[in-house]
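Next up: some structures, all given as structure tokens.
Both complexes shown next keep chain A, but they swap its partner, so chain B is in the first and chain C is in the second.
Moving on, here comes the complex of A and B:
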């Protein structure tokens, strides 16, 4: 049954490759994500009741447990809402003349190929396979980043593929050395399986593992957008069409983080403490939050603002993984969930804002609450949420993370993170005020500046009704998870944390 | 077979230096091709010994794939791309060649220190093999950083992969078969995608010098 997670996208890709009218394409796309969400729900239920989901198949490639199923559900959920959004987005782009109807086929094929590679990343048992799938996510999304073929988009795409490919090649060194650490310990053919590596972690060679982990962290960290390997991220995330940005920021970063989580768990178990991986992860995490804070304060482009905020949140998740205590891991997972939902909300609404106003510049947007009666307020609340304000869920997870830092008596680190979060908050809120409550004169001056004045005055109204539904659903979700976590989700996160720390039999 | 491996790994490292010292894009591609031949020889040699020992033919299949893809197909794609987009000769490196070679030499020293600190690497031969192959990968990485032309960067990526592949051979007699094949599929798609991107960049920027692409900042 779980194997449908692979089968559904393959069938959908085959169908989308056929010459079809646009309406049918929209329907197929939505149906694919609906089906994936349904199977993911089933898989979640299996994991909840049985602990793992590993249907029999040749080669035993498929494996799901609590760690991967949480992130898989996010792929399914964000994928579903994004495909709903994309219907309205594509129609509006075609109406505005900025998308050639002939390119819709390519867009849908690439988006669903991209979703499929992410599902693969999270459902493969073999670390080598995960590596292949992560490289495949880059290859599937590079033309999505460069979709508009303008100079900026091509520059972003080139940076994206070169930096991420180099990063992922370095991760390969790590995998090679993990493989040699497992030689003679694990049976031939299972030497890179998560389960086998983790179960026998004690008997692996520690010096190999330490060497391997550095390369794995640099490699997958590049893909997760950790500073100082983050350079490609603001470009790629801001130049991609907005539904793609939502997928890149909302779920792809998590998929890369997932690989780090698993390898860190193996190394920690072998070394008997999390000090070695912890120092590296917390170091990169703090550096990411600090880098993001600086760029957030001076950002002029709202899509880049969102991209830098992703670096910040991945940094926070890395800190949580680095500490590797039950509470910090819980916080890291909770944070990844919240970031996923909030950031896809923001990127989707920013797409509508971009379509409505035709500008990415914060200072030139102006009057959103009137222009976009639904998306406008949602975008505002989303920005409030991403800054880490209660009652939204990111506040809850940031609080949990800080608590876990102080629980470890790392007062300086905790104070530093709190200070950086305050800076981030200042950057976001300052941008928020410039977007929503600008001085009219400033907007007029900016608009009169370089770009030609809009041919017709902007008329209030939602250009993308499907999109409005999608973002409202996301807003409801981050409000609910901010105050209340359903018991099945708490149970899943607890199970994930137990699997990673190896307590209770793993 | 060990003496052969040591010689081959030394030649591989030498080919990385030849690549680093090349000035023209045609000679990059030539150096890469020589490197790929060495990788194939290494794989074939190890493949023959595993066939003799265990009867498994995995590595020979991989060796054939290397000959077909890295020695024949990919250089062809690169030459074709080059002819289509490069009509003038421009300087393509950040520092002059002797500096680059000296920096690459110091990289080899760094790798030597790092690898000799892995406790599990005890015997001298393994150490030499790992140092040679990992240095090849890192010199490839440095090559990528030091070139400005898009095609040079593609060759750099391929050179890193060559070094890594041989590292995998020496460190653990190769990866599981399915991983090797998957890596190949990724590699070939990456080169094809990069080739297409080079064409698009050329038509948008009228050059493939990546320094021209510097609009996105901050």
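Moving on, here comes the complex of A and C:
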């Protein structure tokens, strides 16, 4: 049954490759993500009841446990809402003349290919396979980043593929050393299986492992957008079409983080302490948060600003993984969930803003609350949420994370993170709230006493009704998860945390 | 008193605030109705809230858990607890909210149709509710949540009139400072948690001295920002005036007191007997705050900014009182601490009343004349007599003139200082002398400030057509201001009543009841609480009031009897060639405080500009003279800091993120090398 997670996208990709009318394409896309979501729900249930989901198949390639199923559910959920959004987005792009109807097929193929590679990343047992799947996500998404074929988009795609390829190469070296660490301990065919590696972690070669972890962290960290390897991210995330930005920031970063999480767990178990990986992860995490805080302040492009905020949140997740205590891991998972939902909300809304106003420059957008009666307020609340304001969910996870830092008596680190978060919040708000105030042109005209600029006045209204539904759903989700975690989710996160720390039999 | 045992009143009050917000949104199609309905609900909530808190303070069960919901999200707990301290602050909140909501009914009416009034009303009601929750949070994280929501809502209220660039700027400064403040609160709360393992608000025992220091300093900075303690005050003179008058009244009147509440709740209750230096630090900070605030208020000509600076002064007085109380507690003199705390809490209430009335009155003037600049006003006492009377009453209270309430509480603060001085044997005594002198100076300057506000704004002749055509404020605005001024007068006349209400909160904090200070309902005599050999002064408001009234009557009679004969006098001799007296001959607001500004040049650093237009040097057609002064804190602390951060950001952008792919690859390489070095070392 869980194998449908692989089958559904493959079938959908085959169908989407056929010459079809646009409406049917929309329907197939939505149906694919719906089906994936349904199977993911089933898989979640399996994991909840049986601990893992590993249907019998040749090679035993497929493996799901609580760690991966949480992130898989995010892929399914964000994928579903994004494909809903994409319907309206594509229609509006075509209406505006900025998308050639002939390219819709390519767009859908790439998006669903991209989704498939992410599902693969999260469902493979073999870490080598995970590595291949992550490389595949780069390949699938690089064309999406450069989809608009503009100069900036192509440059962004270029940077993206070069930097991430270097990163993935480093990660491969790490995989090779990981394999060496398992030499003589594990059988030939299973030496990269996560389950086997983790089960026998105690007997693996520690120095090989430690060496491998450096490469894996830098390599996958590049893909996860951790500073100082993050430089591709702001360009790529801001240049991609908005639904793709939502996927890139919302779920792809998590997938890269997932690989780090799995390898860190092996190393920690082998060393019997999380100090070795922890110092590195916390260091990179704090550096990422600080980098984002500094660069956020002078951003003029709202999509870039959101991209920097992703670096910040990945940094926070890295800190949580670095501390590797039950609470910090809980916080890291909770944070990844919240960031996924909040950031995809923001990128999807920003896409609608871009379609409405035609500009990515913060200073040229204004009066959004009136202009976009649904997306505008949602965008505003989303920004408040991404800053970590209660009652939205990111507040709760940031609080849990900080609590775990203070629990370790790391007062200076905790206070430093708290201050950096305040800076980030202030940076986002002071840069982005401008878009909700009256339009700068109108204000300037009112001051000069002249009529507004001759540019066509924008009529209030939603250009993308499907998109409006999607972002409202996301807003409801981040509001609910901020104050209430369903017991199955708490159970899943607890299970994931137990699996990784190896407590309770692993 | 079964009602007081259940806390039902607090529930009703909170639900009414919530329903005020919901009503406003439900009726958003009809903004005027929404405005009236929403504020009516808020007023009802305030009445119930005031009654419930009063009942709680007089006959309540002490500590009452209203709600305790443990959520599924880690660390999150919805816990609402009312104790005597909460009830006291809720009482102040309710009284102020009642008057401000009444005021809002007519004050906001002109916005209908122009701005999203229902949204504003909803935010207003939620803001009130969030403050209520701040005062009743029984769980540190829930406190933080209420605090954050309060801050964010007040930000939206500040930038409500966002078409004005300066409002947006004010909001941004506010938000940045608030975010930093929250980071400090978070640090304090989590340090407490790390050492005690609980988020419950209450006595936190067993902290190491180092942790105590960290916690105290975090809360000092975190709450200090919200209260506007110098040098963390820069946002306040921008943000408080930028908001519409009703929100200004709430922010200055009660929101700054959330910080006082926080200090009491987290530091005094949480950490127990304060360390010796805490009180000293608070005392010095308080005095610097009071003096800085009042001297800026004195030279300010924007009415609302003047009031905002005066709020800073009053925060200084509160912090001073808190410092005296801390010092007394750490020296083992709970009776004295109870006098100082009673003075502080009483002054907090009084400030809410008179500053509320002042902001409301000034808001009416602003709506009537469309200006906040004193230089454009004048002669309003004839055009807006009722508002003028209210402003005079509130200003008298704010300048600590007997028999108003401001005097009573400041007098008690002075008594606490004097008692500390008499009891202190060490060199700390000098500090108390300085403190008393500084407070006296602040009081004198405050009186001058309000003389300026009243003299330039209300008396004389209108300086602009707008002032000449001002109209009296609508009835609800006059009633609400009148109520607040009446409170000021009554509390000033019978301070014993206030002390009765204060008894239990102060008793809970220090273990000593302050009620011994009052002789009956009518007088104050702190000697009952003093352990010093020297008898202290006593104060009998009614006697003073009677004296003042008798003196005024006598003066009035004298003027009538003696001066009556000379009322009509027409001379042309001394008018220097001018035939009539016109508005330009009056003292301007700037002229009023110019000499002060010159004396304290080092503080204000005024830059002046004189521009004459016309051909002749000595007979120009017109002369423009402007003086600008920038707060030294902004100039030497904040502006360089902001410039530095921005420069850092720019510099980082141009040197780190050059766009060069080779460089980015180098970063990855360096990261890898760093990792490998770590591998070798670890």
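Throughout what follows, the second predicted complex is superposed on the first by the 487 of 506 C-alpha atoms of A that agree within 3 Å, B and C clash if a C-alpha of one lies under 4 Å from a C-alpha of the other, contacts with A are read in each partner's own complex, and residues count from 1 in each chain.
Note that a contact is a pair of C-beta atoms (placed from the backbone, for glycine too) under 8 Å apart; a residue touches a chain by one contact, two chains touch by 3 or more.
Just so it is clear, the model here is predicted, and its values are computed rather than measured.
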Contacts of A:501 with chain B and chain C, given as first, second, both or neither: neither
Touched partner set for A:298, first chain B, second chain C, both or neither: both
First, second, both or neither for A:189, with chain B first and chain C second: first
Which of chain B and chain C A:146 touches, first, second, both or neither: first
Partner chain in contact with A:154 - chain B first, chain C second, else both or neither: first
First, second, both or neither for A:429, with chain B first and chain C second: second
Touching partner for A:327 - first (chain B), second (chain C), both, neither: second
Which of chain B and chain C A:208 touches, first, second, both or neither: first
Which of chain B and chain C A:52 touches, first, second, both or neither: neither
Greater residue coverage of chain A in the superposed arrangement, chain B or chain C: C
Contacts on chain A seen with chain B and repeated with chain C across the two complexes: 158-159, 162, 166, 170, 211, 295, 298
Complex contact set, residues of chain A against chain C: 158-159, 162-163, 166-167, 170, 210-211, 214-215, 217-218, 221-222, 228-229, 231-232, 276, 279-280, 284, 294-295, 297-298, 327, 330-331, 384, 387, 389-391, 395-396, 399-400, 402-403, 405-407, 409, 411, 414-415, 418-419, 421-423, 425-426, 429-430, 433-434, 436-438, 443, 446, 481-487, 490
Contact footprint of chain B on chain A as seen in their complex: 59, 126, 128-129, 131-132, 135-136, 139, 142-143, 146, 149-152, 154-159, 161-162, 165-166, 169-170, 172-173, 175-177, 179-181, 183, 189, 191-192, 205-208, 211, 234-235, 238-239, 295, 298-300, 304
Chain A contact footprint on chain C (complex, rising order): 71-76, 141, 144-145, 148-149, 152, 159, 162-163, 165, 168, 171-172, 175-176, 179-180, 182-184, 186-187, 190-191, 193-194, 214, 218, 645-646, 648-650, 652-653, 657, 661, 664-665, 667-668, 670-672, 675-676, 678-679, 682
In the complex, chain B residues that touch chain A: 114, 117-120, 134, 137, 141, 144, 150, 153, 157, 160-161, 164, 167-168, 171-173, 175-176, 178-179, 182-183, 185-186, 189-190, 193-194, 197, 200-201, 204-205, 210, 213-216, 218
